[in-house]
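You will see two complexes here that share chain A, one where it goes with chain B and one where it goes with chain C.
Up next is the complex of A and B:
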């Protein structure tokens, strides 16, 4: 390595040496921070996977408790991404539950002119969901539920679930997870269902306690197309009934097109593409490539064009649904069939990780 | 006359004054707008009952005007009175009523009389119930801005009578709740409320009012109010909240804090998710979930950063300080920044970067820009804070770099320009810059105004200076302490850094060449370009980086042929510094052989130098082998007398006025101007003295180092 041979030996060499030492250490640390997270030249390479495993029906009912599963399947979830949690401990869930209920109660009391009976009317529970972590590096999923007692309920009335949410990481990129220091727990995907103000309270509690940030997670065009293909691919095992797509076309006035395809017809088109591509190489079996997804979507669009003379490519796919679930571009998702939950969550985890700022 | 040119330091002044003039224009525009606004108010106070609304252009025009004023500056108390009166009297029917109510944003206070009159109107007209609700919601929203409450309390009973209207009841209860005093609590009112409760069920709003009554007169209210009541009244300020906050922010009113406190909680939290929620620097708080298992902690007592009050205290407790719960909060205070400068924990820096990265990308990349032209005050404040933090730490944050790499691709070059350019200048000079930075910047540079071009040049110059300075510290240490190798990062070797700097300089050279051409060698742009080369020519001596890069022809010749003497003088200075740097590099190269300056650089330098000396000193402009080549015939045809002398020290357009002046002073009696007479040896040396006394130090240095003074003036030689 070339080294500059400066002749200027500083008089106060010792002091200067100390000073510069700390400086260069920190500077190099800075570049470490970025390089180890693959940031500097790397951010361009972080893209959505162009290939993923075809979903296999997975009976996760054995691994995940039926209560949890029922809850996950029942609601439509509003998605957000979360930066890694600092000093989050799966062993402390009980204490977190206590703290969060106290926090919610305190926030709710704020600004009340007259105190009308302080009593913590919110009961929060944290629980780990076993069985959703697929890869070895995935931290365990965390489920948060907020219950409340109806105002004029009798003593023994059951608590009412008013809010629920979860944090998960499903098949998260091992390189990214490994690049984080041990202090961080990466659960990048956050889903919530319930009152808006509770969502923001929970978020702000997490921000304060685990120094993380939340941001909305939209499901973009490409991800929706992936879902179309992945779900259609399941039709042999589980009938998807109808493949329903909602397109938004940028014309004046805005035009919305609902395009429904009979599940079996969609599968016919899909399998014809599969046969074609499988002829090329057998070792790729069980994997779906983005080319196939694009071709499938193109097929659907062509079909529509033939009948209605309307080019859907000009618009945006904003919503898809089948009997397996539904997804909207604004980040709302519902997984109706637990058997294919992992596949969907894997895709969404990937989207969430793409949103990480560093 | 001496042309004046902008010195580099004038730049900040010029852009500031640019802003100021914009503001002045804005004020004038506003003043002009005020006149029609008065007329518009007059229209609404005078308009006859039954005037049609549909197709009424005058009405439409006036209302739009009022709305515009309301949403930008808020309405004065008188305007509120007039508009409220107009709306509630239903003079033009109920359809404009809603629209007017929605824009009733007070700039200072709401006159009580107007509200009382409004309440009275509720009873008179055939106002749709939804509009009545809207009015009550408005009253609740602006309640704390009503200048007095005595008259409202005087009509307590009147307001109470609306309680029987089922749709109005929740809002009336809320309003009563705010107005109730001990004397308002009467037995018949309690009875009425109990009646209602039996009819409507145990509604929270009734319960609240009753519980307040019970507080004042327990003997009248026999009802047992349950200890657990859903908290607060619902918040009804939604139609006005955002607009009102904006108006108050613009007017710098302090009422805002009072109002947000006074309103019952309801959806207080949802106000946090408004668009600029991301840009709040978190409050400095200590960690709540302590880590019990770390032994180190128990051994030495940790002090939360919040408790540190002074710099002395910080110094004393430096090693016991506990990081706050949210690292982003360190950006909020000066003392915390001092501490941040010493934080060396990777996790802590990572936390800070996660937070900052999220805030920036949510705000500027993913956020919906419904109103891109208007930049809210918070945004600018946030960025300024970030900038001053980076300035304090003398480096950027990697998340803001990452953000910029993305943002530059969507930036229009004008949105928050000073802030973005400020952040940009903190980007480290790394090998990957070409793709990340140069490509988007090239596009921006060629499609933007002269002002942007200058700004970018300044930014790239300060970027270069920062990293050269960083290098000069770093390189020094490398010399002294080689064992430090374990800390130095992998991707920042000296040669890598040198290559990156070279790439940056070449990049700016390309930009500058084409930019100068596009802008017709504009003096201002040229000045910024010369600033940049003022840094480049000294990289070796000033910063200890063994690298010398010459300016491209597209920069050198425009500077040389510039019509203003300052550019020429600065070019001469730069050439002089190049010479000093190259000479000393050559000497060291011979002595140590540790680095190598390419032969081509020396050739380029000599080439330029010979040209300059030939033109300015020897009056031999068109010599073979030079870059500027014109055929003899063409030159003859141009009919320029003695064309080879046109760019010497006397005839150069930048210096000619000095030659005239000198001529006049030297030979005051002469009628006919003959500049060539300066060429005679004696006046020539006087002339040089005269020029150097005008402050052309660059030219002075240049000639002193490059011209052998002892040789005759006509035949000086280049190095």
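Up next is the complex of A and C:
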């Protein structure tokens, strides 16, 4: 039986937090504000999970089609969060594809620069990606691809993929998903790869048709630290080769510190910290707490400090990468190994849900 | 003009930005003033290339002259590619009396003994630097002028700077240099970077140094109005002083990166597992910035780096190197040569 997620927020006592979203936006805003001011104890602002299930490598090659997987693993995606889509039907994907093609063509005629050769027209395809919607409530992932179709091409000429994007909800919070009114579909994480002007065209089409809003999703340092821990934890199953972290120190001129730790050594440090917190017994096995993540990062920084006497916390962690993928604080993510796709997407879906204003 | 010469000239013109090309051509005395004026630098590159090829053919210029042009350009604009520095060791008794003509002769002789088809060009620049351009061939092929090695040596100093040398040819060059400068050995100075002048200044200590002193400058007392006292003034002044001792005062050589390969054990008294571990905790730390010495100086004076500055960081300036391998036995003094290809 799946263990229910408990939120252990260290600063509050034993008060059980509820996260119902059935109130109106205005009320929830007020409760957010007032709980920050400490006035109403019953509500809380949503917090990033303080406990997370350790990722077992999931072979999703059976669930997801290999073409889709190959595409997802190949590119580096720029992330945004999306508010829930109104009246989005998974059955109407073909019609959406036609509408989006027409929209792009119309915008091009108006002169909004789309640099690919003037003669080319675009062919858009929407497809559902099965297998990424892991939890029961998750809507199916949607993949959007834009190919160019040169005007004088023959029937069989291969189309060139110029832009691709996807909308997904991976292990989204069930309370939130249930609290949405009936006609809304929640696909909060949007990733895009390709020309910037096509990205904004696609976003504005979605905004016009489904009354949603997009916003940039930065990956803050806590999430980056989670990725460091989650990826290092996978070393026994898949060799991470090395753990690379990039810090930027705010001096004049800005100093960039690239700290690369050998994969197996990083894993030894990580597992030594895990053993120490295993006093709780078997229940806790398979879960990673935020304390362990913090202790791991602190251990790495201490080793650094011992040699250079330079305080890395004074700077910003801007990028982390291993052989399993890389993540940058400006919202760029690349998952190089499909086995850990679900875990990474779960973390990012959570970030997107947190960042949404509604 | 020979095909290879033409090819080389075309590539040279193509690779050089127009502005720099114009400046270098002004200084090159193989063209008449009239010919120089006939080149219109506002036209597209390929037109300029063709014009220059025609002019050079008119003047009957050969590869020798075109390589002269390239060398002039590189001497004026050395900040491309990566320069690696070396230090000559164990001078013989007559090392000090090696002067330019002798060095030139000896170097050419030695190198030609080791490799038959090389094209060597030696030129002394105004600032006491001897520039050497080497185009390598092999036993059977003619010298390849498209990928020359450049060497800069300051006579009377043990330092040599090299750019674009493959590891296969490295022993040949090293041997010729040691013999012609009358030394017995040469080693990697573990300092490299894109800016030649910066690494030269660093190695030859041509920057403003700040020496440790017990008395903070007595003349620099700040005049503070009345009861307002700056609590941190002393701490701040001492941090600034230690920062400039470690990283120089004023303008420092523009070094752009430093790499530390750490192979020390992980030490943490509260973590028994890691302390009992025998293997080193391997990691590599790279610092980069447009001027790392200035960044470090700012770190130290701002408190991001704890003062007194650790010898690992201050060795960059004091020892003039930017590649370190740190092991438990000898922390900052490890002088293992780098494995990377030149």
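We adopt the following convention: the second predicted complex is superposed on the first by the 296 of 358 C-alpha atoms of A that agree within 3 Å, B and C clash if a C-alpha of one lies under 4 Å from a C-alpha of the other, contacts with A are read in each partner's own complex, and residues count from 1 in each chain.
The definition used in the following text is that contacts are C-beta pairs under 8 Å (C-beta built on N, C-alpha and C of every residue); 3 or more make two chains touch, one makes a residue touch a chain.
Keep in mind it's a predicted model, so treat the numbers as computed, not measured.
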Which partner reaches more residues of chain A (counting touched residues only), chain B or chain C: B
Chain B versus chain C as contact partner of A:83, first or second or both or neither: first
First (chain B), second (chain C), both or neither touched by A:208: first
Contacts of A:196 with chain B and chain C, given as first, second, both or neither: first
Partner chain(s) touched by A:273 [first = chain B, second = chain C, both, neither]: second
Touched partner set for A:109, first chain B, second chain C, both or neither: first
Contacts of A:181 with chain B and chain C, given as first, second, both or neither: first
Contacts on chain A seen with chain B and repeated with chain C across the two complexes: none
Chain A-touching residues of chain C, taken from the complex the two chains share: 260, 262, 264, 266-268, 271, 273-274, 277, 279-292, 294-296, 298-299, 302, 304-306, 309-310, 312-313, 326
Residues of chain A touching chain B in the complex: 1-8, 10, 13, 16-17, 19-35, 39-41, 43-44, 83-84, 86-87, 89, 92, 95, 99, 107-114, 116-117, 119, 121, 149, 151-152, 180-181, 183-184, 196-197, 200-201, 204, 207-209, 211-216, 355-358
Complex contact set, residues of chain B against chain A: 177, 202, 204, 208, 211-212, 215, 225-232, 261, 263-265, 267-270, 272-273, 278, 282, 285, 287-289, 291, 325-328, 342, 344, 346-347, 349-351, 353-362, 366, 395, 397-399, 401-403, 405-406, 428, 430-432, 435-436, 470, 473-481, 484, 487-495, 498, 544-546, 588, 592, 594-595
Contact set on chain A toward chain C in their complex: 249, 251-262, 265, 268-269, 271-273, 275-276, 299, 302-304, 306-311, 314-315
